[in-house]
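Here you go, one structure.
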Amino acid sequence: MEENCGVFGLFSADKQVVKDIYYGIFKLQHRGQRYCGIATYSSADIHIITHKGFVRHTFTEEDLHLLKGAVGIGHVSLKDRQPVILISRMGKFAIAFSGNILNSIKLRNQLKNEGHSFSSETDIELLGKLISYEKDFLNGMIRLSEKVKGAYSIVMLTKDGIYAARDPYGFKPLILGKKDGSLAVSSESRAFDILGMEILRDVEPGEIIFISKKGLNTLTKIKNSQPAFCAFEWAYTASIDSVIEGIPVIRARENFGKKLAEKDKNMSADLVAPVPFSGIGCALGYHHSSGIPYEEVFLIDRFASRSYTPLTQESRDEEARIKLSVIKENVRGKKIVLCDDSIVRGTQIQFKVMELKNAGAKEVHVRIACPPLVAPCFYGISTRSYRELAAKKFSVDGIRERIGADSLKYNTLDDFIDAIGLHKDHLCLSCFTGKRVEER
Amino acid sequence: MEENCGVFGLFSADKQVVKDIYYGIFKLQHRGQRYCGIATYSSADIHIITHKGFVRHTFTEEDLHLLKGAVGIGHVSLKDRQPVILISRMGKFAIAFSGNILNSIKLRNQLKNEGHSFSSETDIELLGKLISYEKDFLNGMIRLSEKVKGAYSIVMLTKDGIYAARDPYGFKPLILGKKDGSLAVSSESRAFDILGMEILRDVEPGEIIFISKKGLNTLTKIKNSQPAFCAFEWAYTASIDSVIEGIPVIRARENFGKKLAEKDKNMSADLVAPVPFSGIGCALGYHHSSGIPYEEVFLIDRFASRSYTPLTQESRDEEARIKLSVIKENVRGKKIVLCDDSIVRGTQIQFKVMELKNAGAKEVHVRIACPPLVAPCFYGISTRSYRELAAKKFSVDGIRERIGADSLKYNTLDDFIDAIGLHKDHLCLSCFTGKRVEER
Amino acid sequence: MEENCGVFGLFSADKQVVKDIYYGIFKLQHRGQRYCGIATYSSADIHIITHKGFVRHTFTEEDLHLLKGAVGIGHVSLKDRQPVILISRMGKFAIAFSGNILNSIKLRNQLKNEGHSFSSETDIELLGKLISYEKDFLNGMIRLSEKVKGAYSIVMLTKDGIYAARDPYGFKPLILGKKDGSLAVSSESRAFDILGMEILRDVEPGEIIFISKKGLNTLTKIKNSQPAFCAFEWAYTASIDSVIEGIPVIRARENFGKKLAEKDKNMSADLVAPVPFSGIGCALGYHHSSGIPYEEVFLIDRFASRSYTPLTQESRDEEARIKLSVIKENVRGKKIVLCDDSIVRGTQIQFKVMELKNAGAKEVHVRIACPPLVAPCFYGISTRSYRELAAKKFSVDGIRERIGADSLKYNTLDDFIDAIGLHKDHLCLSCFTGKRVEER
Amino acid sequence: MEENCGVFGLFSADKQVVKDIYYGIFKLQHRGQRYCGIATYSSADIHIITHKGFVRHTFTEEDLHLLKGAVGIGHVSLKDRQPVILISRMGKFAIAFSGNILNSIKLRNQLKNEGHSFSSETDIELLGKLISYEKDFLNGMIRLSEKVKGAYSIVMLTKDGIYAARDPYGFKPLILGKKDGSLAVSSESRAFDILGMEILRDVEPGEIIFISKKGLNTLTKIKNSQPAFCAFEWAYTASIDSVIEGIPVIRARENFGKKLAEKDKNMSADLVAPVPFSGIGCALGYHHSSGIPYEEVFLIDRFASRSYTPLTQESRDEEARIKLSVIKENVRGKKIVLCDDSIVRGTQIQFKVMELKNAGAKEVHVRIACPPLVAPCFYGISTRSYRELAAKKFSVDGIRERIGADSLKYNTLDDFIDAIGLHKDHLCLSCFTGKRVEER
C-alpha cells in the first residue's frame, strides 16, 4: 500500500527555521519517500530547494545554509517535487499539499480555456493557479473549497506568513503545534516531538488559518456536513507516536489487537509476534490482552533502505523480502499468532507465513487489525485497485488457504471503529464499506 | 562583451533528429555558453532535456537516446534554460528564443492582473504565456508582434510541427536550411554546414513560418517600416563561417581590415597579427590589402575552456589572460599591427599591448574593425553600459595612451557600413550612433 | 561502540556470484558501515569495485553487471576500502579481512628495511604483502600466524579459488555455508539465510581453508592454546539471527535478560521495554522470565540512516537522538524496566532515561546484559578507551545516579558466561576482566 | 597521433604553490588529456588529488584549498593517474614521469621474485618501487639509469624537496625555470611564462637534480654516449610557444615551411593555409618565404573539446571532423597551398582536402613539415604502428592520389634537421630512418 504526502510549516518570531523544518519533514518521511523539499522566506524573496530521495540523504549542509529565514514550509512526497513556486498578482509564493484532487482535469481545462497555460501536469500547480486566479490569498483558498473535489491539506508560504487549510471533510490530518514564540502546522504531531513543541489542536475540517507575526488566526471555516477522517491513518498511514483528532495512534493500534484477542479466548499459542513495522501495535495489544508471550520472529534490516522507492510491484515485493530476516531460533517448533495491519493482495503475508513454516513453525495464526478491504480508495490517496483486492476475490477461508495460515481472522468493522474510538459518522470507511462518504 | 542566445529547429520527414539538433546547437555555442537544451516530439508527447554547461560536456548518449522524434528544437543561452514546456488549450508545446523583451514587466503585470500566475521570471515563459492566451498558435505569434517591444527570433515545437518567427525589425538573425526531406531553422547558417544542409533563405523580419509535413509555409508577415539588422553580428557575434542576409561574415570582417589598411598607406610594419579569435578576419584583410606579412603573436589555449562562463568581470579578465600565450620568438624587436574587432572598456586590448611590449615588441599599432562604441545596446542584447564605454570617456588619443599603443585607429562609420555592404537604413547601428532605430 | 568489518566469499560451480555476494555483504552491513567492496574472478582477471557508503546505496546495476565470475569475495568496513588488489609472483589476487593487527608498525618497518614500499598505510595491504613475500599462498598464510599479533579473519580471492583463514585464537567469527554446488565463507551465518544456504560449520581458530572446484579443503591448522571467541559478538556485534560457534545470538541475548529477571524476583513493573535495537533480545528474555508485559516505548525511525557514519562523537550522539522517538502514550505514568546491552560512557542510556521521565514515566529501572566494561578492547576491535568507560570512574550506584535511573543492575560475569553457554576459557572476556587472553 | 605526459614541479621558499602548479599543468595539457594530478607537501604529510579529465574541468576550488604547501609536483597524462604515493624506508613520497619503460615486465618480475607485490600494473609504480629498493633517493635514481631501458623525465616530491631526472639519452624534454625564491622543473618552458618565471636551462640528459631550500643542486650526471632528443617535439608534440634545448618551437616550425617554400619556386597559389593547429607554424613559414597571401580556410571550434579523449580511432576521426568548419567564402575557386605537420595514416589530411574540394577549391597542394614516417616510435611514446603508416604502404605519389591532392611534398630529412638546427647525432630520428638511436 502506498502512502501519500506530508506537509509541514513553521513560523518563528526571530530564529532561523530551516533546521527545524528539516527535522520536521524527516519525521514525516514515512508519508512519502520519493521527493522532499523546503521553502523559506527572507530578504524579500522565497528560497526553495527540492530533492529526489530521502530527507536525510539529500539535503546538504550547504542547502540548509542557503535556506535562510524565520518562516518556511516543507514537504515529503511519493509523486512530485513540492513545494512549488508561483508568481502572481499577490507576489511570489510557495505551496505544497497532501491529498488528491479528483476533478483536476476539468479544473485545468477551465483555466486553459480562459487562456491560461501550465508548466507541469501536477495537482499542486493547479491549486496554486486556482488561488492566483482570485484577488487575495484568502479568497483563493475559499474558492478551492467550492471548486476542488477531493482531499487536501495545504500549506502556503507568502511574504506575510503561512496559510494552511484542510478540505471540508478533513480527510487528511493537519495539526497545529507551538513552543515559545513559534507556531507550526504539520501532517502529524510526531514532527512536534523532535522540536520540543506541544500539540495545540487539530486544524478543523474546512478551516483556513493564517500564521504570522500576529500569531495564529482562523480566517474562515468552510461549512461542511460531517467530517470524514481517513480511518486508515490510525490503521496504517500515520506513525504510532502521533496523535490524530485526540486519538493516539498507538492506542488505536493496540486496541485493534485487543479486540482480536477478545475473540480468541481459547488461543493457546507459544507466542504472539508482529510483521514489522505495520503489525507491531496490533501484536502488542494482542499480547497484553491475551497474556501470550511477545516474541520477535522477524528482524528488520536497518540498512535495507535504498535511496529510492522501487517503481514496480515486483521490486517492492523483492524489497519486502530483503528487508526482513527470520529469527529461526524463535520459530522452530512454535505455535505463533502473527499480527499485521491489513491485507491488500495477500502476497506479502503469504510470503511471511511461508518463511515461518520453512523455519519450522508448528502453526501460524494470522490476525489482521483492519476489516477486509473491499474497495479502492475513492479519494485516490492509496493506489490499490479493485482488481488486486484479495477480499473481493476470495472468502476469508479462501484467503487463509492461499496464504497458508492455520487460521485467519480480521477485526469486524464495529470492533475496528470501537478501537479507534470516534463516531462512525466522523470517519471515512469507504475502503471497508464500498460506500462514498456522501452515501454514509 | 557578452553574447546572447542561439536557436535551432529541425523537421525531418522520417528520421530521428536529435543527433542533428545536438550538432546544430553545438555549432551555435559561441552565441550562449551557460545553458543548453533540446526538445523533441514523438509518441504524442514532448521530450525535453536541458543542462547547465556546454553542449559537448553535458549531453550524454543516454540523453540523446531518450530524445526521440523526427522533429525538435534546441537552444544555447547565457541567461536561462530553454526550451521551456507549456501546457495550454492548444496542448503541450516547447518554446525557445533569442533576443530580449524590453516591456516584459508591463506585459507580465497585465497577465497577473487577469489572474495568471508564473512559474519563473523568464522572458521565455512570458512569451509562451502570451501565445497561450490566444486561441491558436498563429494568432498567438501575431499578438506578440503587437504587444512585445524588443528583439526576438523564436522557435516553437508543437505536435504538428515547428513555428518560427522573427521580430518586425529582424534584429537577430534567423535563417532557413534544407536537405532532401529535411527543413531547418537556425540563428546562423554554420549549423547547416555540419549537417550537409544548404541555405534556403533568411526568415524575413516580421515573418511567421510553419514547418510541417506539408513543408515550409509562410503563415503571415507582420508589416514593418524597415529592417534593422544588428550590425554587431558581422562585427563580433556571428561566427566567420556563417552568412547573414546574404553577406558572408568573413567577407565583412576581412573588409573591415582592408578599409583600415587603405588608410595606412605608409605603414611599414614587420607583421600584422590578430587578437584571437575576434580580430582574425580583420587582420587577414589588413594583411591582404597591405601586403605586410601575417604572423601569429598570441597562441590560444585549446584546453582553457571551463565548463562554465565566469560570472564576474574579474574572472572573465582572468580567463582572457589565461587563454592566450604570447609567442615571444615572433614578437621580440618587431613592429606590429595588431587587429581586433572593437573596444568596450579597453582593458583587454591594454593587456594585450602590454604583453607584446613585455615580450620585446618594438612598436604596437592597434587597428579596430568597429567605429567607437558610444552607446549601450538599447535592445538589451549586450550588457555593456554607458559607464564602462571607453569611447564615452576619452578621446581616441586618450584611449591610445591608456592602452599603451604606438598608434590607434578605428574604422569610420561609413567605412564600417561599406565593409558590410548593406544599406545603412537596413542596419541597427545604435551603439555607434547613440540613436534608436526609430530615430534613423 | 563502533563495529569493525565483515567478510564474505562465495564459490559456485557454474553460476554468476555477484548478486549473491551483494546480498551477502548487505546482510553484514551492521559490522561496518563506511565502505563496501566486491571482487570477482573471470576471464583470467580479477574485477573489483569498492564504494564509500552503504551496500544498498552505492552498488549500481552497472557495477553488478561488470563484476562477472563464478567466484568472488566481498567486504564491509568502518575503516578502509576493501578488498584490495595485489600483484605478486603468485599472480594477481584480492584480499579482505576483519580484525585488527597489533604489531603492524613493526611488520611494516621490517619490509621497508628490505626495500619494500607500500601504496597505503592500511593493515590489509600489509597482510597482502606479507603473503606475497612467501612463495605460495598457503605458506604466506601460515607465516601470518607466526608474525601477526592480533585478530583476523581473512578471505582471499585467487585465480584458483578462495583462501580463508582465522587467527589461532579465533577472536572474530568466520563460518562456512553450502548449497548445492556452492560454498561460502562469512563473518556471520545470517548472510547464508538470504541465499538459502545452510550452515556447514565454523572455520576453526588457526584453520586455513581453500575453496575451489575440488570443494572445501582444510590446508592446515595452526596450533593454538585455547580459543578466545570475542564474547561481545553475542552481546552486541553480531546480528540476533546469526549463530556463532553453535550458539544462536538471540538465545544468548534472551538468556542475558532471563538471568537479570531471575535476580529481580520482586520487580512489579508495568512493562519491560528495550532500547532498540541493542536491548531487544535482553528485554524479550526479561519479559519471558518475569511475565511482565512487553511494550515498545521507543520508535526507531526507518528513515534516519544517513549515507555515512558520522565521524565525531557529538554527531553520533545527535544521530542516536534523532533516530528514536518516544511513544509517549505508552510511557505516561508507567513503571518501566528498560533493557540495553551494555554501558560505555553512559551518555546514551542517560538520554534515554531522561526522555522517558520527560514523557511522564513514573519509574525507570535499567537492566544491562553485559557486566561493567572495565577495559578497552586490547585487540583494537572496538575504539573505546579507558578514559571514557563509566565503570572505571564510578560505582554502579554512581552510574545509576548519573543516568537518572530508579535502579540499575548489570549481569554478573558468571551469569553472563552462563547465558552464552561456552566455557569461560574459550571466550575473550578482557573488556570485563581487564586481563589479556594470555593471562587467563 | 597520441601524445604522452607532462610533468611539473615547483619549490617556493615561502608561498603556497598549488595555484601555480595548477596553471603549470594546465599549460602542459596538450601533452596528455585523460588524467591530471597534483601532490603537495606540508605539515609533515603529502597531499594528493588526481582526476580523470582536463585540469580546468576537474580541479575545484576546494581541491586547491586542500593541497597546501610551498612545494609540490603535478602531472597530465593520457595513460594513468599520476602522481602516485609510495611509502618506503625513506618515508612517504610522490612520483610522476613522462616517457615509457621498455623493459618493465622484466623489472617487475625481478621484484616479484624477491617477494615484492604491486598495487597496479603501471610503469610509475614500478619506478617508485625501484627507487624504494635502494637506501636513499639518489641511489634509487642512479639505479634507474642502470636498470631501466626507455625514455623518462621524472619528478619526485619528498619531505625535503623535489628530485628530478632525465634519462641518459634525454629523449623527453625537461627544463628548469626560476623567479625570485622559486625554482621549477617542467616538461615545457611555456608553463613558466604563465607564472612569470624565466628559463634557467634544460636539465641535461642523465642529470639528477634536487631542488630544496638550499636551491638547485646537480646530485650527479649519469654518463651517456650522445643525447637523442625526440625530433617530434619540435614538429608536433610541444607547443609553439615553448623553447627546447634552446630552439624555439615556432622557429623550427616556421623553418619547416620555409624549407618547403624554397623547393616551390614556381608555385603560384592564391593563398597558403594551415590545417589548424598542427600546420600553423609551417603555413606561416611558407607564407613568409613565398610571399603568397596567408588565409584561414578552416575554423576551429572553440567549444568542440569534450571532457575526455575518445578511445577509438573512429571517434577521434569524428572529433577531428566536428571541430573544424570550412570557411567556404575563402575557398571557392581558389588555388590553395595547405600545410600540415606530418602524415600518419593519411585519413585526416584526405578528409581535409576533400572538404576544401567540396567547398569549391580549384587546386589543393599539400605540404608536410616532417619527412615520411617509416617506423613506429621504438620508445613507445607514440602509439602508431607499422601497419597504419601510409608511407610504408604507398609511394609519395600513391599517397597524393589517395588524399586527392593536386600535389604533395614532404621535407627531406636533411631539410627537416636543418630546420630544427641541432646536429643530427643529437636527435632521435628513428621514426624517419627506421634505425634505433644505438644504430646511429
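Order as written gives the chain letters A, B, C and D; numbering starts at 1 within each chain.
To be clear about the criterion, contacts are C-beta pairs under 8 Å (C-beta built on N, C-alpha and C of every residue); 3 or more make two chains touch, one makes a residue touch a chain.
Treat the numbers as computed from the prediction; the structure is a model and nothing was measured.
Contact with both chain A and chain C is made by no chain of the assembly. Taking each chain's centre as the average of its CA atoms, chain B and chain D sit 36 Å apart. One inter-chain figure worth recording: chain A and chain B are separated by 53 Å, centre to centre, where each centre is the mean of the chain's CA atoms.
Inter-chain centre distance (chain A to chain D, centres taken as mean C-alpha positions): 64 Å.
Shown for chain A are the residues that touch two or more other chains, of which there are none.
Inter-chain contacts, as defined above, occur between A-B, A-C, B-D, C-D.
Put simply, chain D touches chain B in their complex at residues 23, 26-27, 29-30, 33, 54-57, 190, 193-194, 239-241, 243, 248, 250-251, 277, 280, 284, 287-288, 293-296, 299, 301-307, 322, 325-330. On chain D, the positions that touch chain C within their shared complex are 84-89, 109, 112-113, 115-121, 125, 128-129, 132-134.
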